[in-house]
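Each structure below appears as structure tokens.
Two complexes come next, and they have one chain in common, chain A, joined by chain B in the first and chain C in the second.
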Partner chain A sequence: RCPSSMDMNPVKQSFQEIKDAVQVNDTFKNVTILSNLHSVKVLSPLDTCCMTRKLLEFYVKRVFKYREELSLHISRGVSSISNSFLTLQRTVQPCKEKSLCPCSEAATNATRTINNNYDQLEVGSAAIKSLGELGVFIAWIDKNYHQETSTA
Partner chain B sequence: GGADVLPAPQNLSIHSTNMKHVLTWTPVIVPGERIHYSVEYQGEYESLYLSHVWIPSHWCSPTEGPMCDVTDDITTTVWYNLRVRATLGLQTSDWSILEHGFNRNSTILTPPKIEVTKDGFYLVIELEDLGPQFEFHVTYWKSEPDAQAHIKVVKSGNIPVHLETMEPGVKYCAKAQTFVKAIERCSAFSQAECIEVQGDALPL
Partner chain C sequence: MKNVLQWNPPEGLTGFAVSYTVQYFIYGQKKWLEASECRKINRTYCDLSAETSDYEQQYYGKVKAIWKTNCSKWTETRRFYPYLETQIGPPAVALSTDEKSLSIVLTAPEKWKRSSEEGFVSMQEIYPTLKYTVSVYNAKSNRTWLQYETNHSLVLSWLQPDTLYCVHVESLVPGPPRQGQPSEKQCVSTLKDRTLELKIK
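This part shows the complex of A and B:
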């Protein structure tokens, strides 16, 4: 498997500190962006790598850039999380360079759906919702990187 | 007077030991006036994607300075930029930026303070509490030729840890180093400390 592990603890800690404050600001409760993540039938570890890379990029290139109208408390948390994501990207990057991170159609479709969901909303609302749904991404990483290794 | 430009703080530098990071600078002196300072930071993400975004420091926006504990601002192991400006009433100086940036993986890790004692026949060690980011690798051994050393990972300081049961009349030694997972680094080992249980026979 590449990457062999993903240390999400710094992200979990920072997210825990801002989660409630972020989710209060989410005005579109009946809409989700990462909803399909858990229903995706990931066929191989290679798919997991591809989706991890694309989801990290989704957050880094789209979500974390939005800092307007965030309280100072949330801004600090988002800064901490976004910088942790840079470190996580550096964990995945070698896998791509060694061609261990190709994208199957299933993985590509899944991440395309997430980006499409994001585009349905105005950028501020989409960013706030995606921030609030970080827990979905964290759970997905735990399921794919930690639960399997602990039961292997 | 008021019309004069308030000079920017000079000689910014950061001192980091055991994951506690302190920014210092030369104070701005205006006779008869009390100067305050504001400290701001940006991580590598901000400098890459949002270079205009700076975040006020947890504890030093404002502060009377001329130092600032930025430990709670530096929360990930990436490069950070730090800047300071002086304020006097409504007047603010230019920003001064820390010249080379800072990454917490450069922090100085000191060997931990240890205390080796005995609790009955137990060899006990107590370690300095350095905060939640620190765990300790304790090495202990019987002070005899060819004695094998044992290693124990201790997750936090300030709690007496039983290492092993000692034989009477034999000297036992222990030493420790810190390990910080967030930066994947260890300190040097502490000095070894030894102790011995007097030569009474072991209880049945």
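This part shows the complex of A and C:
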């Protein structure tokens, strides 16, 4: 598997500190952006790499840059998470360079759905909602990067 | 997983015949749903385990108070995500000793079941990164040490013979802090050192 592991603990800690404040600002309960991530969990290790790379990119390029519009407390938390994501991207990058991170149709469709969900909302609302759903991404990483290592 | 919504009675109405109604919302769905077991109840808690059994979903709960013909506004919870926030119970702990060592066998906690017919699911299956914090207390030296463990059995060697050791264990999932629930403290004594006894004869 490439990458062999993903250390999400810094992200988990930072997210824990801003989660409630972010989610309170998300007033559209009946809409989700990452909801389909649960149903995509049965993937090959290669797909997992592709999904990871694309989701890291989604957050770095489309979500974190809207932190200036948020409160100082949230903005600081987002900065910390953003730095952690850049570190995680550097973890995944060698896999892409060694062609160990190809994208199957399933993985491509799953990340396209996420981006489409994002586009359905006004950009500020979409950014807040995606931030509030970081827990879903954390849980997905937990399952996909520890499922095998613990049973191997 | 067992998920219970709890609240405090409205101020100034303690002792009055106040009843409560609860609703819940599955994040991403369309509307609030009735908690069928919690309509006009007198208690100040509602077990939403059945309604929130999919631990991969996220939920909201809300409650309102009714007194005579008066009805309060709804009070709403923050978003609740069982997978990241549930409190994980302690493992089952089995101890055995000889003169200088203590063997500890841990069995991962079981997922809460709504009814006995439900199959057994270990929390290890849900949380592959489940670890344990093992606390060992030496009654003679009055000192405690902690050990983080991923395995389900460990042997503590080089202990003092004829000494009482007390152990309790807590389940641990890396990531956001969760309220811990340590196992019952169990105490066991290492055996007497027979080599000493032989020399004394």
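Quick notes on this one:
Following the convention adopted for this analysis, the second predicted complex is superposed on the first by the 148 of 152 C-alpha atoms of A that agree within 3 Å, B and C clash if a C-alpha of one lies under 4 Å from a C-alpha of the other, contacts with A are read in each partner's own complex, and residues count from 1 in each chain.
The rule is short, and it goes like this: contacts are C-beta pairs under 8 Å (C-beta built on N, C-alpha and C of every residue); 3 or more make two chains touch, one makes a residue touch a chain.
Computed from a predicted model, the values in this text were never measured in an experiment.
Looking at the shared chain after the overlay, A:Cys2 reaches neither chain B nor chain C. With both structures placed on the common chain, the touch criterion links A:Leu121 to neither chain B nor chain C. With both structures placed on the common chain, the touch criterion links A:Gln16 to chain C but leaves chain B unconnected.
Contact with neither chain B nor chain C is seen for A:Cys103 once the two complexes are overlaid on the shared chain.
With both structures placed on the common chain, the touch criterion links A:Val24 to chain C but leaves chain B unconnected. When both complexes are overlaid on chain A, the residue A:Ser80 reaches chain B alone and has no touch with chain C.
Put simply, more of the residues of chain A are touched by C, taking chain B and chain C as the two choices. Here chain A touches chain C in the complex through residues 8-9, 12-13, 15-16, 20, 23-24, 29-32, 35, 38, 132, 135-136, 138-139, 142-143, 146-147, 149-151, going by the rule given at the top.
Residues of chain B that touch chain A in their complex: 42-46, 48-50, 53, 55-56, 58, 73, 75-78, 182. The touching residues of chain C, when paired with chain A in their complex, are 25, 27-31, 56, 58, 60, 78-79, 81, 83-84, 124, 127-129, 174-177.
Residues 10, 14, 60-61, 64-65, 67, 72, 75-76, 79-80, 82-87 of chain A are the ones that touch chain B when the two sit in their complex.
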